[in-house]
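Both complexes below contain subunit A, partnered by subunit B and then by subunit C.
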Partner chain A sequence: MKRTWFIFKVIFILLVVTLAMLPVILSSHPWPVASRDYLYENALSDTGAVNTVSSIYLGYRAMDTLGETLVLLVSITGTMGILINLGRESEEEEAVSFSLAPEKRATNAQRTHLLEVVASKLGPVVLLFGFYVMLYGHISPGGGFQGGVIVASAIVFLALGTETQSKLTNTTVLGRIETLSFLVLIIVATSGVFFERGFFGNPIKSGSSLSVNFIILLNIIIGLKVGTSIAVMCIAMMGGRHGH
Partner chain B sequence: MVIERILIFLLALVGFSAIVGAKNIIKKVFGLNLLNSAIVLLYILEGSRIGEQAPILGEGVTNIVDPVPQALMLTAIVIGVCVTALALALAVRLYKATGSLEIDTISARLHSEQ
Partner chain C sequence: MSSESLFLSPVYLPLLSAAGILFIKSFCPTSIKRIAEYLGILIGLVLPLLLVLRLYPIVQNQGYIETTIGGYAQHIGIIYRFDGMSLLLILLAAAITLPAWIFSRNEGPGHSYFTALLLIQNASIAAIGMAADLFNLFVCLELMGVTAYVLIATGKKANAAYASFSYLMLSSSAMVFFLLGTFGLYNLTGSLRYEAIAMGLETLSGRNQYVAHFSLLLIIVPVLLRVAVMPLSLWLVDAHSKAPHAVSALLSGVLLKVPLFALIRIFSLSPFASSLALPISYAGAVTALVGVLLALSQSDAKQLLAYHSISQIGYIVSAWGLALHAGVTTMTGSLLLSASFFHAFSHAQFKALLFLTIGKTTDAAGNRNVYTFRGANQALRNVGERVPLTMLCFLVGALSISALPPFNGFYSKTLVTYTLKGSLHYTFLTLASVGTVASFIKLSRIFLPSKQPMVLPAVKEKNRFPVSSHLAFILLALSCLAVGLFSEQMILFITRLISSEEAQTYGSSFFFTQDNLIKTTLTVLSGIVLFALAVSRPGKYVLHLLEKRRGGFTDLFLGFATALGALALFAW
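Moving on to the complex of A and B:
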């Protein structure tokens, strides 16, 4: 009886959502072309980036990107705050097949040879590809966030695959890189103020061939920030050691 | 154009039904992710209605899609990752505290402890 009542409630809620969303789905209102036309005419000369998406999120609305990285920072802080006392509270051993090498984590867990062989070989290649996506974000699909996530997955591969401790998979080092890149982001963002460009203004806008370098710099900083913070979070979730 | 939107709506409905109907916390988080992906796909689809080529201004690129929804969805994806990470961390914490991921069992065990 309780079960049927629950299913009835779920179906009722889904019907209400369907009725609320049907106008959105079936609307044939034409999409406005004004912003597309403006960006097609002016984006290249305004910011210097060939990739229009890059010129929006690092040029026209870079302030929002700062807020986005702040949200990421707060989320990482919350996740680490929730997870960091977990290893000390529970001492029991867990058997999971996807896990870090024994000397890298607090509790004992199984590992498979397949994981070690594949992940350690794949890690450096993925790391190189991540930096490629990050550095060429202004002329091809990609950018700081996308490249940063690929770099994070490469660091996770390296942490899973290699037995030895390395600087690249040490959460303390990664956390320091994250904080440093956020500090550099703030400094770079304020640098436009001294050149009369405003907050997040491009300080080297006058030289038309050089102005894209500001976007490349922001892409590198955001990529390092996103990559290291997501890597720290993944290593912490896999039971990596932290706090030393 | 309508068939894509109906498929995206079905994807969103699957995600919403997982959030409302599933008893497992991990399945609820997956439902949240599905809903997020459906919204992202809807925005990308709507923005691509006015053009054909990717918004990268190379040689001979004329009829580009609207890049504004793509830049907006970049934010949505990052926020989705943040929400997923926090929800999974809370799920790990609940599992350590009660030994279960089913919401009925968690609530029964929490009530019996009081």
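Moving on to the complex of A and C:
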């Protein structure tokens, strides 16, 4: 009885939601072209970015990007809080071993030789690629968010691959880079206010070849911010929070 | 500084101080950290409010100030528009965040992350109040939501993480529909700017009109979910009662109302949207009554307060819906809207006060059950309180919510019911206020002296009652009283901001008429009768049945689907 009631409810929810969505999805209205044409003509001269996507998300709609960065910051803060709380409550966990028997590993049971070799060799290459995506975001596909996530995965590789903790996988150091880049991001965003160009205004004179530097700077800061914060969270999830 | 930079200060100053606090936390020792937090609250919360209040004359003369973020062309950039409602929302957020933050200093969660989160939340609220761009509104709503989920999860209660998770699941799946609606409107009009959308919608015809209606519907329902009107309110109780007390105060004081008043701009996009306001206002009236009945049946003190938030939001929504139905620019519409906001503001104050005092009291005794918990004062004395200020402040809150003069609740509720006179809502709301009185008699019983002597804890260390908690209580209680005493000026302030035309004054001669006083007396008397019925044997049986009716995880989504379906049927 309870089960049929549950199924009935689920069917009802799906039905109503689909019916409400249908008119919007099935709409055959032609796509508007005004914005597209405007961007095609003016994006480069307005912001200096060759990559129009960059000109949108760090230029015209930079405010949305700031919002998304903040969403990421807040959700990672929340995740860390929950992880720390869980760490306090849970007792010694039962060790799950992934390693093969000949490896003879007692501690660090989740590592294997294979994993360490591959991850430690892959890490630096991925790190380099991440910085490339971040730095060339204004010219080629990519940008701060994408580059940041790649950097984060590189740091996770390094943390998996090396037994000893280096500066790059130390959560305290990563956390410091994160807060520093967040502060710089907000200061850069606010700087326009003091140059009479308004919030998120490009303080560098637009039209000059230098104005693209604003976007490069934002890409780097956002990349560092995203990369370090995701890396900190992943390292904490692997159970390697520094000093804990 | 230009006025454009000035009115954006509630967005960037809190962000700047939040970033500063986090920076100092990871680089500097503890002593500097605390100073940074105080400084951050000062710069991020108090300073922007003062700066924004300076714009009051400009808003009153011009109606609004507008700017494009980054100085790009208007039709491609993000537009921020500062008008009276933005100012009111910033004021509301700051007025509750400050006492809640002070309270959290000693009662937890008083760490730097919490302060930074509060500041980010305030920035997002200011942005919601000002954004005149559909996608930016989406981002800001998400940001506000994320801070809410995280703040709820900081609770020490066992189910806090679960409450936060179910709210997160529900709200973020609802926001997908918001995005879909944005997609639909952009497809039709080619713009995300409110004005351009409104213009584009006028020229539509035939099938496209249906698409526009359903897109608007998909945008409106997820936002109403945050407001917790009746079929959408199931998430609220767990979230509000499991969160830390300071967060509960913020959640029901501020976060419920901000989306509601931000919706006004979406409703004014097309005449179809304003026709939706009428059924929503009826839903609000029903919410007010059902919410209070459920509140009366609760045994957990904080859950009782949470159901009261639902009930009070019903008052606000019913006046708000009728205001939109009449048109915000008309005389009746602006009066209704002012009444609605005034009640939202008073509710924020007294509900924050109630959450904080009840939270402190139940923590002191370690008991949240209203049936078994007695002798609250003794429990408070055990944790070091000398003067029973907590009880006095609680009474201020309880009298305010029961709409007794001279507290703010009396004025705002009277104004709301006055503006609704003659409609069906009026009956519902009057019945709801009887229930409010009854349930607050029930809650106040925890302060009665206990019959059996209190078991004193064995370890008797002399602990002092934190001054910060008292400060927060007194701040809120005094503001309840002040808004009540200066209600005339307050109403004038609100109506002037909402519509720039000459506003009517509502002095004491308006409120203290014979009718109103008789009505208040009758409400209190019938409240007492209802309370007597509720504690009688059959009453207890009925209430117990009501209390056991709790929705599960699927029911949250069922509520969403029901609301969407009902409004869709109406649209058809």
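As a working rule, the second predicted complex is superposed on the first by the 222 of 244 C-alpha atoms of A that agree within 3 Å, B and C clash if a C-alpha of one lies under 4 Å from a C-alpha of the other, contacts with A are read in each partner's own complex, and residues count from 1 in each chain.
Methods note: contacts are C-beta pairs under 8 Å (C-beta built on N, C-alpha and C of every residue); 3 or more make two chains touch, one makes a residue touch a chain.
Quick caveat: nothing in here was measured; it's all calculated off a predicted structure.
Peer 1: Do subunit B and subunit C fit side by side on subunit A after the overlay, or clash?
Peer 2: fit
Peer 1: Would you sort A:Y57 into first (subunit B), second (subunit C), both or neither based on which partner it touches?
Peer 2: Only subunit B is touched by A:Y57; subunit C is not.
Peer 1: Between subunit B and subunit C, pick out the one touching the greater number of residues of subunit A.
Peer 2: Greater contact footprint in residues on subunit A: C.
Peer 1: Can A:G201 be said to touch subunit B (first), subunit C (second), both, or neither?
Peer 2: second
Peer 1: Thinking of the overlay built on chain A, is A:G192 touched by subunit B (first), by subunit C (second), by both, or by neither?
Peer 2: After superposition on chain A, A:G192 lies in contact with subunit C alone.
Peer 1: Classify the contacts of A:I230 with the two partner chains as first (subunit B alone), second (subunit C alone), both, or neither.
Peer 2: It touches subunit B, and subunit C stays clear.
Peer 1: Quick one: classify A:G175 as touching subunit B (first), subunit C (second), both or neither.
Peer 2: second
Peer 1: Would you check which partner chain A:L19 touches, where first means subunit B only, second means subunit C only, and both and neither mean what they say?
Peer 2: In the superposition, A:L19 contacts subunit C only.
Peer 1: Using the superposition on chain A described above, determine whether A:L44 touches subunit B (first), subunit C (second), both, or neither.
Peer 2: first
Peer 1: Going by the contact rule set out at the top, does A:L183 touch subunit B (first), subunit C (second), both, or neither?
Peer 2: After superposition on chain A, A:L183 lies in contact with subunit C alone.
Peer 1: For A:E68, decide between first (touching subunit B), second (touching subunit C), both and neither.
Peer 2: In the superposition, A:E68 touches subunit B and subunit C alike.
Peer 1: Once you lay one complex on the other using chain A, what is the shortest C-alpha distance from subunit B to subunit C, in Å?
Peer 2: Shortest inter-chain C-alpha distance (subunit B to subunit C): 5 Å.
Peer 1: Once the two structures are superposed, pull the subunit A residues common to the subunit B and subunit C interfaces.
Peer 2: Residues common to the subunit A contacts of subunit C and of subunit B are 6, 10, 13, 17, 21, 25, 31, 33, 35, 39, 61, 64, 68, 71, 74-75, 78, 82, listed in rising order.
Peer 1: Within the complex, which stretch of subunit B touches subunit A?
Peer 2: Touching subunit A from subunit B are residues 2, 5-6, 8-9, 12-13, 16-17, 20-21, 46-47, 49-51, 54-58, 64-68, 70-71, 74-75, 77-79, 81-83, 85-86, 88-90, 92-93, 96.
Peer 1: Within the complex, which stretch of subunit A touches subunit B?
Peer 2: Residues in contact with subunit B: 6-7, 10, 13-14, 17-18, 21, 25-26, 30-31, 33, 35-36, 39-40, 43-44, 50-53, 56-57, 61, 64, 68, 71-72, 74-76, 78-79, 82-83, 86, 89-90, 139-141, 143, 145, 149, 226, 230, 233, 237.
Peer 1: State the interface residues of subunit C toward subunit A in the complex, per the touch definition above.
Peer 2: Going through subunit C, the ones touching subunit A are 1-2, 4-5, 8, 11-12, 15-16, 19-20, 22-23, 25-27, 67-73, 75-78, 113, 116-117, 120, 123-124, 127, 135-136, 139-140, 142-143, 146-147, 149-150, 153-154, 161, 177, 180-181, 183-184, 186-191, 207-208, 210-211, 213-215, 217-218, 554-555, 557-558, 560-562, 564-565, 568.
Peer 1: Tell me, which parts of subunit A touch subunit C in their complex?
Peer 2: 6, 9-10, 12-13, 16-17, 19-21, 23-25, 27, 29, 31-35, 38-39, 42, 46, 59-64, 66-68, 70-71, 73-75, 77-78, 81-82, 172, 175-176, 178-180, 182-183, 185-187, 189-190, 192-193, 196-202
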